[in-house]
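One chain, chain A, links the two complexes that follow: it is found with chain B in the first and with chain C in the second.
Let's turn to the complex of A and B:
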């Protein structure tokens, strides 16, 4: 009998004899391994994953730890290739990771004072680093797996009062074909009043069928501001599971945006906890999916202290047999008065076989709060389409106009113009491919 | 000062002092649940063999099931073996002989709710005497129904007299093994109503559990089945606004509605079981499975509920919109105070073309209570042009209570349009101030504002219910401000 997927992973654990890990990390890994062994991969009977059955989506066997690849890439991620062109016009620092390992040789980061970047393997040796790894493995088996097996990642720190200036652009490329798995752990720590803009791109370059598991620990000090924009364009057959654990001190500001285009199954989860008053988090996103893709954007916000606000707005465009998932929870703790929590999910179903599942939850233990959520699911407005057609616009263009207008509402919130345009053109590329596929079948 | 009086009364009523500890040991089945208990119940009720088999089958399935734990409610583990599953109705000798013997405080509350004297007697469990004969009321009532061809009788009677109808529809909406509590109910159900409306008949009056005779003591495991044949209409009222007392802590009712082509069923509930005292001690655990099946085209099922009682409520009246053009509605007010816990909502399952559903839920939590809306709207692949509108609003009174919203929205058809919106807020200081500077007391002002908040739902209630329900809304919240 073949070993279960979970067992194969645990084998990988014993195979990866950790070298030079400090004692606390070893203990942490062991604990996380036990949590994962007990829980296994989440499936639809696990409430937080009821619409995203990861266990079913995994290949039945053969997951091996992703191998470090030191050779040249098939094409330069900075300028060529699908997705890579994104942010090409934005002046930025490049940080490239291949198959789950940081590649300083491909990166070009001439960082200003007060901004530092280290690979995880080095950072873990610093005393006190464990304080940054605040993810609770008990709550999330995939995070536990990440804690047990994490090998590399980027640790980005911005000192108090410093502004990183040009955006940092993290590019994750997977080249290994077949069922390999990379577990990366990133730490983004902004001290008081520090500022950073982080761009993230995920690409498959020759890779297929792989699992990319990213956990990002984001710590924002008092008054710090982080803009975090992610473009997920993994290989068609890949699985992408990302968890972003966000801790915000008083008056910190977070702006997050994710555009999910790729992967057979993807999940972008944000777990935000407000630690100090007056903080604000935006967790927006868009899904543009087709084929048999499943895309999941989940946001969990813990309003643990008074006077914070959060806003999650997700727009989904689903074609062919694609399925979109939005899950949101706003938890307002007792005494967290003057909270403002908002969630909105809008979905457009473009085909008969597309589907959308939304679950916006509110859990409220304080009375002086403003919380609202909304969800709509529907198709393109027939009368709007007719209006455009009557003005001489062909159907494909009319549809693309309407879809762009639908998505623009959330794209407009992106605070950087260049980035906004690039995200928009990624959607146009996606739509053109869809229109072509559509005209073929017609 | 009228308000003050009410507050005091409610305080008293809240304590539920009228002990009804009549010793009726001999009328009870032995404690615990096993096949013998079920045979005992079935034998007591003179049931045919098929019914016993049905019950036993349910019991065997129940043994393999686990109590659900997903709802947002906390209560101590229930020992299902430490309970009685059958007790005979109180005989006339055990009951109070007249209203004079009934706790005056209770009567006072009845009066405040505006309940007529005859009904007060029934509610207080007064034995029916020859002078004021509610049976005669019931008899005229029955005659009228008979003329129309409507069957309205206790379930146990229906099993004997209309076995074909019962066998055809019982368990067809809520299957025997639907969930833990429904299965338990299938095994041990005590009694309930059976209603059949023949083709094309518009039921000449609102059917109400008030008027069904042999009603006493069927509360614990009630089983109701309503079948509306093609083109018929019925409005059914369950429960009453008056506080209800009951010795049994665990309630697990099942209600099944079947609407055939063009039929319409309107089901209204006011639930006001004992909620426990102000420290959260005691109170009824209410685990209810209610489901309606719009089996035919153009049918309609509408649920309206006002939930103010019970310590723990677990209840999701649902609609299966199978027939094309069928309509499902759910209007709900759930009020929780003190340590009450409510987890309630609905499911709208769109299967047929052009089906539409509407959900209006108003949750009000006060005191230290917890109030959850949990609902599912699911549009299946073939439900072309399905339409749903959902609005769930929560109102928080005080800062120790909590309100939760857990909606599941699933669409597999692009032509379906689903809208959901939810808000959570507290009573606006401005509105309160405005009311108070016009001379209203704080309690009155809160009652007025909450009634305004609930208006959309209250309007759906049948007239006589609506008036009482409005008062009930006010009474349920008293003691929660200031």
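Let's turn to the complex of A and C:
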């Protein structure tokens, strides 16, 4: 009998005997491994993954653990390199991870007062750290896999009342050319009234078919505020699967934005749970995809307590044979009165072969709530294109004006001007590449 | 400037223009009048190169060149301008961004230097003032939430900025009250010049009291059924289209 891809996968990673894990972690890993072995990689018949068949995408390759790389990078992640030096003009602290391992030597040392950063491997040795790892492995086989195999990650903590000031910029680079996999676990913990802006970019070397798996545990204390902006520009054959588990205490505020440009298959999932009243979460995003790319932005929001608001707005621009996915659910508990929960997906299909699967859902058990969900799928407005061209604007520019206008509605929500501009120019770069590809085939 | 010879045009397989011959000299202003559905807008779209308008017969020469061989944006850069009967709303693109992109695209296509932000702003303000186009309108998304009159004034502002050689104004008077009509026609008259030709399409004669044409053509069921001087417009006002169309 041949081994399943899950068995093969676990076998390939069995050599990763973690050194010096505390007992609770060893027990957790064993349990998570069993959960994953039983459930397997998610596929079409798993509701939350019905449009994003990870099992199929993984089946082709024999994955091996990503290797720690301590050498120099081919480019300076701070100023050049792929991703056109995203956020290069924003004053920030750098936190660099290569092939799934934190590289303090490439990162900023002068952290702001009240902010601490530790690699996961160190943090797990602290007593009480397990309380931060609240992700339920039973709910999500990929998170279970991550718990079983996680090696490194960043544990970022901001003390009560401190404003971290300049953004922290996590850069994840994969240098390996083959089918390697890295499972990173990050913790972002803000105590009461703490403030942080976190930027993330994910980059890889062209064509590499690696798997980047991130689970981020985000804990926001009372009145804490986190701005979290991510640019996913992985190598074009890569797989990127990220889960952001978000817990918000009373009056906490979360602003999240993701732009997904890269990877053959990517998923950015946010699971938000409101633990205290008066909290707010924005979970916005944009997909700009072409070729045979699949990009998935999904949000699951649990309004467990009254008086919280959540808003997820995803805009997708899909060219050639690309597929976009938006899944999500707003769950409003029986006592969660005065909840305001919104989910909206708008997709723009630039080609007949592109497609969007959007399935926002509401599940409401309270009666005094304001909830809305919707999705639209459209094409570029031919009349608008004609109008612009009739004024002398060439077709490529006219198309990019209309696409930017479409995306600007979500880009405009980004609260930092420099970051907003950078995200915008990433899209313009994407568009120019798309227009060039288009003019070749035309 | 413009030579149209025996032009036949199909829309969705149906013949809408059935042999139009028209010659507009440099500096001339021609009016095209006619009942609704006679093909006036169709003619303007064919000139601008809109998709879906199939020329089955005839030719169009613009400045001596075959217009059919030119892309929509090439025609614009070569000085052809259509003021739309129903200007298009473009959410998310501000009027200002649109105007700057259009002007610089045309300048670039003609090998001229693009205008920087400061020079452009000065130029827009100079042209916008007389047309009562406010700063607020310039900051709003193009035509979105504009009143009928605002849309028409925005069209004329585009024309004033782009300084075309041949302007086709499609029912620029429709939906305007007397005051707005005056502003718009003053704007158009200010652009009359010996180098610039215009085709003024209208259903009513009243616009032609303000913009006095050199020639008037009557279009009916896809054919020009009469051509005359400016007095033809007055005659139409008296008798209506029925007599002429049947004649």
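The rule is simple: the second predicted complex is superposed on the first by the 431 of 442 C-alpha atoms of A that agree within 3 Å, B and C clash if a C-alpha of one lies under 4 Å from a C-alpha of the other, contacts with A are read in each partner's own complex, and residues count from 1 in each chain.
The definition used in the following text is that a contact is a pair of C-beta atoms (placed from the backbone, for glycine too) under 8 Å apart; a residue touches a chain by one contact, two chains touch by 3 or more.
Owing to the predicted nature of the structure, the values given are computational and were not obtained by experimental measurement.
S.K.: After the overlay on chain A, what do you see for chain B versus chain C, clash or fit?
M.R.: fit
S.K.: Between chain B (first) and chain C (second), which, if any, makes contact with A:392: first, second, both or neither?
M.R.: second
S.K.: Figure out whether A:130 sits in contact with chain B (first) or chain C (second), or with both, or with neither.
M.R.: neither
S.K.: Is A:402 touching the first partner chain B, the second partner chain C, both, or neither of them?
M.R.: Once the two structures are laid over each other on A, A:402 reaches chain C alone.
S.K.: Go through the superposed model and pick first if A:159 touches only chain B, second if only chain C, both, or neither.
M.R.: neither
S.K.: Go through the superposed model and pick first if A:377 touches only chain B, second if only chain C, both, or neither.
M.R.: Once the two structures are laid over each other on A, A:377 reaches chain B alone.
S.K.: Tell me which of chain B and chain C touches more residues of chain A.
M.R.: It is B that touches the greater number of chain A residues.
S.K.: Once the two complexes are aligned on their shared chain, state how close chain B comes to chain C by Cα atoms, in whole Å.
M.R.: Minimum over all C-alpha pairs of chain B and chain C: 16 Å.
S.K.: Kindly list the residues of chain A that each of chain B and chain C touches, one partner per complex.
M.R.: Touching chain B and chain C on chain A: no residues.
S.K.: Considering only the defined contacts, which chain A positions touch chain C in the complex?
M.R.: My answer: residues 382-384, 386-395, 397, 401-402, 404-406, 408-409.
S.K.: For a test of understanding, state which residues of chain A touch chain B in their complex under the given definition.
M.R.: Going through chain A, the ones touching chain B are 47, 334-335, 337, 347, 349-379.
S.K.: In their shared complex, at which residues does chain C touch chain A?
M.R.: 48-51, 71-73, 75-77, 82, 84, 87-88, 90-93, 97-98, 101-102, 105-106, 109, 141, 158, 162
S.K.: What residues of chain B sit close enough to touch chain A in their complex?
M.R.: 70, 379, 381, 394, 396-426
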